[in-house]
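The block underneath contains the structure these notes are about, expressed in structure tokens.
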Amino acid sequence: MVQAQHLRKTYGPTRVLDDVSLTLVAGEGVTLLGPNGTGKTTLLRILATLQRPTSGSLSIGGVDAVKVPEAVRGAVDMVGHGSWVYEDLTAIENLRFWTTLGGHDAARARLKGALESVELDTVADQRARTFSAGMKRRLALARVLLGRARLLLLDEPFTGLDRAGRKWLAEFLLAFKAQGGAVIVATHSFDAGAGVADRVSILAGGRIVLDRPAASLALDDLRRLYDELAAGPVIAS
Amino acid sequence: MRRAWIVVWKDVLSERRSKETLNALVFFALLLLFVFQFALGPDRARVEAALPGLLWIAFVLAGLLAFGRTFLVERENDCWEGLVLAPGDRSAIYLGKLAGNMLLMAMVEAALLILFALFFSLDFTAALPALALVLVLGTFGLAAVGTLFGALTAQLRARELLFPVLLLPAVVPVLLGAVTATQTVLAGQPLASASSWVTLLAAADVVYLVVGLLTFEFVLEG
Amino acid sequence: MAIRVLGWLAVLALLAGLGAAFGYAPREAVQGNVQRIMYLHVPAVLTAYLAFALVFAGSLGYLLTRRPGWDRLALAAAEPGVLFTGITIASGSIWGKPTWGTWWTWDARLTSTAVLFLVYVGYLLLRGMIDEPDRRARAAAVVGILGAANIPIVHFSVKWWRALHQPSTILGPEPSPIAAPIALALFVNWVAFTLLLFYLLAKRTEIARLEDMHAG
């Protein structure tokens, strides 16, 4: 489903990503661990076709995403730091905008259904300016539901959520995977993706330094490995 | 194009709720009026003689402000990436933003004409249909390039400086054509006597629109 | 190696052009020696247009292929383009002072060239403000394409505007019937400037390529 090979991204003399390779199949979830500023966001943006890699190849659903990103964009969705919410618009108006722009059916009933799924139907006609960070994230997920994404990329989705919120998000992602979608969660907290991820990858120094099935790692082992690898010497460029 | 329309709808709705841009622009137009009066002195004949130029200076200045803000709502709400990732033909977004800008400028220009008529005791009614046509043609040229360059400079640190620097030389033909045609119309002459200028304006509009449509997707990446 | 040869050819041609302009070409009857500035002014503007055509080609090439070589061509052509445009304006102005008594006239060609100058200085300013190579190339390409598409429109609008506000003058740096020696001197200088342009292009693209390699 997703095949990234030897991705490199440089900004002038700074090498942010160095020979990153990643593979996902449908229905799979990966937690991408790494301390802040190590290129997780950059990698996610490249996978989302928001940025081009300096070199390397990326194929999503069998299509070359570097050559023809337009062909791939309908299949990828991202919930990043900004949640694409227009503050002066109501929840349902936001959904109507993004859904229509994406070329999907924006019938009011459908939009309301998505709001119900994320438990925002009570505030459907409220302006998004009044929403908390968690509510905006849920609105972003409603948007994802209305699209046709097969690959969902999330950047620090669990931050700012309380226990109930985290549980809710984990259930959402599991349901997304169950329907055949692939998920990548980028985070710097090692226990955030627990329960959702089938695999764990650690990104440090611009490279993937660990890639193991989640089941094979006890939480304590993971924590130890993470501290070791993440704090380790940066690979010279 | 449904997607172009939804962009217009979204911008109109946002603007109606926040009321930021239109109010400020109309107020800016009022201030310009006073600046012109103080700069040209009390001699009404001078103002009348310079009127076509003054009108278009005002429109260009208002346009600089308006078009520079074309993607401000996307920047402020962190929605730029959403536009970049929108599947399908991105030129629909260009058309939608262009239409939104035209709507905005139409209101500002109408307000400006009314203000000019009030403060300088001018009467535009006789020339109105022809004047409206010239205004539309000229503003369209400004907006077509302004929307494109607005997107181009949207993510840059130095956008306030770079946007006017890029826009003004590019719209020189529009300025020349619009001022000359406006002069003809306000002097009571039929528009046909300035037909070559009107043709030039129309041709320029078409060229700018085509370039905008074709290149917008390259601007919207990353 | 080939670039070095090109460079020497350009120097030779420029010297030949200089000789042709001052030695070979006759003194113009009406304007006197100041008219000789035409041998600088006309080739400069022709070469500038060639340079901007290359900016257009480079811009188009990059957007279509995404190969950095095209972007380097656009950059390498824009800089001399601005230079030659500046020379055109300066030489036109220098001609204008003894002839018209003023440093600037809103003459059609001078004005068009000045607008062109502003457009491409903006182009270079834009390039200077963006660090990321792909972003910079794309943004510059869009401005380059619009700039090129605008050239005929600017030309006609300024020409018509000028015709409105002042009667057209027959007196310009170029005399109306062009005699053979004058045409030859013009031609030599034009060739010289074109060679110079290509030399600068070759050198600048090489420098740009090295800069990119070093950065990457």
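Should a chain be cited, it is by its letter among A, B and C, assigned in written order, with residues numbered from 1 in that chain.
The definition used in the following text is that a residue touches a chain if its C-beta (ideal position, glycine included) is under 8 Å from a C-beta of that chain, and two chains touch if they have at least 3 such contacts.
What you see is a predicted model; the values in this text were computed from it and never measured.
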Taking each chain's C-alpha mean as its centre, the one farthest from chain C: A
Result of counting contacting C-beta pairs for A-C and B-C, higher pair: B-C
Centrality ranking, top chain (CA atoms only): B
Euclidean distance of C-alpha centroids - chain A vs chain B, Å: 39
Centre-of-Cα separation between chain C and chain B, whole angstrom: 31
Approximate Å spacing (C-alpha centroids) for the pair chain A, chain C: 50
Touching two or more other chains - residues of chain C: 132, 134
Per-residue multi-chain contacts in chain B, two or more chains: 222
Residues of chain A touching at least two other chains: 52
List of chain A residues in touch with chain B within their complex: 48-52, 70, 73-74, 76-78, 80-89, 93, 96-98, 100-103, 127
Chain C partner contacts - residues on chain A that touch it in the complex: 10-13, 52, 54
Residues on chain B engaged by chain A in the complex (per definition of touch): 2-3, 6-7, 9-10, 13-14, 17-18, 73, 76-79, 81-88, 93, 217, 222
Of all residues in chain C, those that touch chain A in their complex: 131-132, 134, 215-216
Residues of chain C that touch chain B when the two form their complex: 63, 115, 118-119, 122, 125-126, 129-130, 132, 134-135, 138-139, 141-143, 145-147, 149-150, 153-154, 156-158, 160-161, 164
